[in-house]
Amino acid sequence: MDFRPTEDQRALRAGVRALLAGRYGREALRASVDTGVAVDRGLWRELGEAGFFALRLPESEGGVGLGLPEAVLVFEEAGRALVPGPLVATHLAAGVVPGAAAGTAVVTAFDLGGDLVAHLGEADAVLGAAGLPDGEPVRAADPLTPLHRVAPHRVPRRGDVGAYVAEGALLTAALQVGSALRTVELAVRHAGEREQFGQPIGAFQAVKHLCAQMLVRAEVARTAVYAAAVTGGAGEVAAAKLLADGAAVDNARDCLQVHGGMGFTWEADVHLHLKRAWVRAEQWRTAAEAEELLAEELLDSAG
Amino acid sequence: MDFRPTEDQRALRAGVRALLAGRYGREALRASVDTGVAVDRGLWRELGEAGFFALRLPESEGGVGLGLPEAVLVFEEAGRALVPGPLVATHLAAGVVPGAAAGTAVVTAFDLGGDLVAHLGEADAVLGAAGLPDGEPVRAADPLTPLHRVAPHRVPRRGDVGAYVAEGALLTAALQVGSALRTVELAVRHAGEREQFGQPIGAFQAVKHLCAQMLVRAEVARTAVYAAAVTGGAGEVAAAKLLADGAAVDNARDCLQVHGGMGFTWEADVHLHLKRAWVRAEQWRTAAEAEELLAEELLDSAG
Amino acid sequence: MDLTYTDEERDFRARLREWLAKTLPELPARPSPDDWPGRRAYDLGWQRRLYEAGYAGLHWPVDAGGRGATPTQHLIFLEETERAGAPYVGANFVGLLHAGPTIAAEGTAAQRARWLPPVLRGDEVWCQGFSEPDAGSDLASLRTRAVRDGDDYVITGSKIWTSHAEVADWCELLVRTDPEAPKHRGISWLAMPMDAPGVTVRPLRTLAGSTEFAEVFLDEVRVPVADRVGAENDGWRVTMVTLSFERGTAFVGEVVACRRTLGELARTAKANGRWDDPALRRRLGRLYGEFGALWRLTQWNVSEAERSAGGVPGIGGSVFKLAYSHARQELYDAAAEVLGAASLSLEEEWTLDRLSSLSYTIAAGTSQIQRNIVAERILGLPKGR
Amino acid sequence: MDLTYTDEERDFRARLREWLAKTLPELPARPSPDDWPGRRAYDLGWQRRLYEAGYAGLHWPVDAGGRGATPTQHLIFLEETERAGAPYVGANFVGLLHAGPTIAAEGTAAQRARWLPPVLRGDEVWCQGFSEPDAGSDLASLRTRAVRDGDDYVITGSKIWTSHAEVADWCELLVRTDPEAPKHRGISWLAMPMDAPGVTVRPLRTLAGSTEFAEVFLDEVRVPVADRVGAENDGWRVTMVTLSFERGTAFVGEVVACRRTLGELARTAKANGRWDDPALRRRLGRLYGEFGALWRLTQWNVSEAERSAGGVPGIGGSVFKLAYSHARQELYDAAAEVLGAASLSLEEEWTLDRLSSLSYTIAAGTSQIQRNIVAERILGLPKGR
């Protein structure tokens, strides 16, 4: 037993982090926000070339032949960098929808449990659906997750996407963990720099303890995500999503509180983390669904 | 509109506080704990003489002729002093069970929603029940709330005590508020006296903020209790119980946290507040019941 | 403990209700949020109607041109206008609730005569220049400098979180007039015309996507010494006096609005089926209980204010604000649970409200600062070293 | 990321399980909680069986008489003994997990030879004399004085929160040997015989009604200088070295126990009908998820410890302890919801557990202290002035 990432896994993570730092740093992120263009086709292809989407496809099918543990590590990095777009759906579509694996196709999914779908206007396909349905654009709270509302008869039945729910939830949880870890960093950096009453605000216990609880939440959620990636257990996947959703949302809010008025501005990145965390919390599996699934497994295990 | 207690009401409250300070101060409380005798018949009669039980009985029936606002003020004081015994049930029994009004009878009630009943061994009667049922003594977590378990067929039906539930809940909420206010005082006193790392622990923001939130909880709950006493509205009574239960339990726990190891000892009074708050939270109306009642009223009011 | 209203108060409410019923349908269409001149005109128009009907400056002292109403009447006014869906105080906020009361309390006769009537009549708009980028919670550390030059102050610095700066006539400005003094003792209060040379307004976009606030940059702006209210270097005390004007009524309209929102949430949940989830239903029931208690706490504070000299001290408001700001954020989280994925759409009004509510635990004193105030000033706990 | 066990580890687990299945039925009846001599005999008896079976001092270095097991083997040992319902380490806790490792790391050869074998064999019981009534979170401010007198220290003071003091042979004692030095630099570590003249033990009743702890009063107690471990005034460092012995395994048994409790709660809720309340059911589901994650975090910490020199630093444990102590208190609150009014009865074992759990956010470093540690030592935030 060595639960820590292997050297290869760490190298993979570092590679993706470096790619994103160069290709989707803060300026690129803010440029996306300003233009309202969430999916950058060039970046999408580069991610595809780096194996982001084909990661778990067997080498015989042109994939990288790795597993969920590697996938959650790279998705964590994407969450940290706030990369927009239907990363999870496209990854799940690798080997199913042509071009998904290579990043030449953008694939979204009906993962919001209803008639809303994200990134429809930028997508080439919808996972588990025949063709691209029409949709009415809806003004979205997250500036980098455009939404459309689709006629109810064009929403795929639960069964058509059921096979993807667990993996979709887990990879989404990994994105949440990346965001939760990133907001700890943002809060700590601000708390160390911002001075009030003659000292950095991070010297005040109230701020210090907010930051400490943020780290606790993020670390527990990260562990749950890694464990679920290793074992693939249904309960562990549900726990991963539940804890990661909570960590991402609560950390973004605490990060905002640490930032004070500055955190309330459009210019700060905090709100982008919070809004994206809200989106992801609705994707694939909500907290109530995860808790019910866990309750069921608990009762089964108790015999 | 003047929501504040009138001069007469303040005088009544001060009188009960003085009576309890003289008759049931800390030494008397600890003596009760040591002997395990919860109901002091002498004190019960003195409370009776002071009008504690007959407060709301019309003067024509030998009562004091006051209302719920006066009652919640005196019950708040009893809660502050941690006076043990079935105060609420005996008060409700005034005019119904002989001797209750005068404090010569001790009356308990099946207010725990099942086959457990408090103070049965010390009681002369049970509200809404014919005769005193037999019961098996049960070891109780609160040393001053002895419990008995009664055969299910001796438990009164809901309808037999239904008329008392709202007033019982409100007066119990007043006891909770008294306890919640008292634990703020205990925490603040300890925080001002106890030194660690070269200063009173109350100078640390973490402790300070615990105490501040305790006061907020207690004050909001107190307002809810007073308002419910004035209006008698079903929703306001439910809100009063819900918020007062939360304030008493959470404040006792925070008070314990402020006290650190000292709060974990039998000698500190903190645990007596916590255990009694747990008892009262189960009496008359639980949080879930109060929330459902409030939800119903909300929907009705929304039309 | 009396929660009934006097005959006079009931009469006041009835007449107000009648007037609102008659007046509100006559109002022009509301301007769009981005139309600042339109908003100014709309808000001033509403203020003029209040003035003509005798409701302007309801809570101001009579000698300042106000109606000298009791806190209870003010509570009734705020409750009824919110219930009726009347316009929010809007552009008149600073003039009516902060700068005006400050001038009424601390200004000279000439200053009162110059600045108060236009506020009451709906002729002039004020904005507030207190906060600075580097002085958030620590407001008294503000650095905008005012240097005496003859009969003028010459002011350089920047202010932030200024509402209605684009359309204001005047700015109540806190400036540092003595950089050597302890931070609370070197501040002065000035009335600055917003069209003075050297004033630049830059809209500040919030996370809700709106530009409700602005930054105000001051580059050698000249303000006559005669437009200072109160003594030089006494501005901190001067600005604190207005807190007592509020008299427990600061959140009346907002609590009424939250209670209405809860009713709408219940109806929506009933309609979309989520009401059948006991966990969500109880969550809404609990919030209904909490906002009911907050309404009663408002009445309590108003009762206190009505019978005590000088109104409610700011510290009583800290208890309320801590409970209220938390409950209101929780309200919109519950709204998101009622809406499900639809909460991700800005077309649901609660989504925008949810975003705005993120400021409640920060603006006008963060919850951390409020807890310090409660702990130190009410509970008497020692200051940290 | 590998959560599988090696063949060797699987074999270790299988043999241990087999041994437990054979041994546990042979154990005598458990003594009552108030029977301290009985508890001592029972716990030492269990230790002797472990010793004879080769499991004593599993995680101790081989040169200290231990088995030099890996952290993973230690995790398996703790997991399997808890699962099988084996006796808790009980009276052997301080000897095996704190005083013993300290002596192993810092003691002289003679000290190791004198004190370690009796701990492993189950012959001697140690207790801990660190905390003092006036030094709680601020442990280093301890005031128990030790004054040199020839070859002895003469010790006066008092200690609190000492477990098994009534039946211990030795006490690992922190005393102040230099009152002039900075507080961390004037402390020494002594082994004090509990039967020395001047030692008085007074049971300390907790809010759970039990006397698991005692106060120890020291009135001119003489301890030979030779029984000091480490250098004079170096006791703070000496006692900190044992933290690294824990190697991430500190809460293994407790997490396993909590997971079992959750299963029992689910069964009870199913039986009494409360399982049908979705709010309660989801609360239990969430706790199941949280304790699952805490189990994985334990495995993570053990993996870290196994591959890093010196084991897991104490600060990694702070993250775990913050999450764990909160989750465990929440577990017993959920238990009370499952039981309803029956939670007021001490005859429900969870009620006693609930009372005991109130110490989790206080003992061994309050949650407030843990958050300071996380913020300052992991996140690098500055110390307050």
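Order of writing sets the labels: A, B, C and D. Residues in every chain begin at 1.
Just so we're on the same page, a contact is a pair of C-beta atoms (placed from the backbone, for glycine too) under 8 Å apart; a residue touches a chain by one contact, two chains touch by 3 or more.
These numbers come from a predicted model, not from an experiment.
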When the contacting C-beta pairs are counted for A-C and for A-D, which pair yields the higher total? A-D
Chain A and chain D, separation of their C-alpha mean positions in angstrom: 39
If you average the Cα atoms of chain C and of chain D to get two centres, how far apart are those centres in Å? 54
Once you find the CA centre of chain A and the CA centre of chain B, what distance in Å lies between them? 48
Which chain C residues reach two or more other chains? 277-279, 282, 368, 371, 384-385
Contacts with 2+ other chains: residues of chain A: 204-207, 209, 288
Work through the pairs of chains, note which ones touch, and then classify the graph as line, ring, star, complete or other. complete
Chain A partner, complex, touching residues on chain C are 131, 134-138, 141, 160-161, 204-207, 209, 277, 279, 336, 340-347, 351, 355, 358-359, 361-363, 366-368, 371
List of chain A residues in touch with chain B within their complex: 204-206, 209
Considering the complex alone, what residue numbers of chain D touch chain C? 277-279, 282, 384-385
Chain C partner contacts - residues on chain B that touch it in the complex: 1-6, 9, 69, 184, 188, 191-192, 199-200, 202-205, 207-209, 211-213, 215-216, 219-221, 223-224, 226-227, 229-231, 235-236, 238-240, 242-243, 288, 290-299, 301-303
Chain A to chain C touching residues, read off their complex: 112-114, 116, 138-143, 145, 147, 195-197, 204, 206-207, 253, 256-257, 260-268, 270-271, 274, 278-279, 282, 286, 288
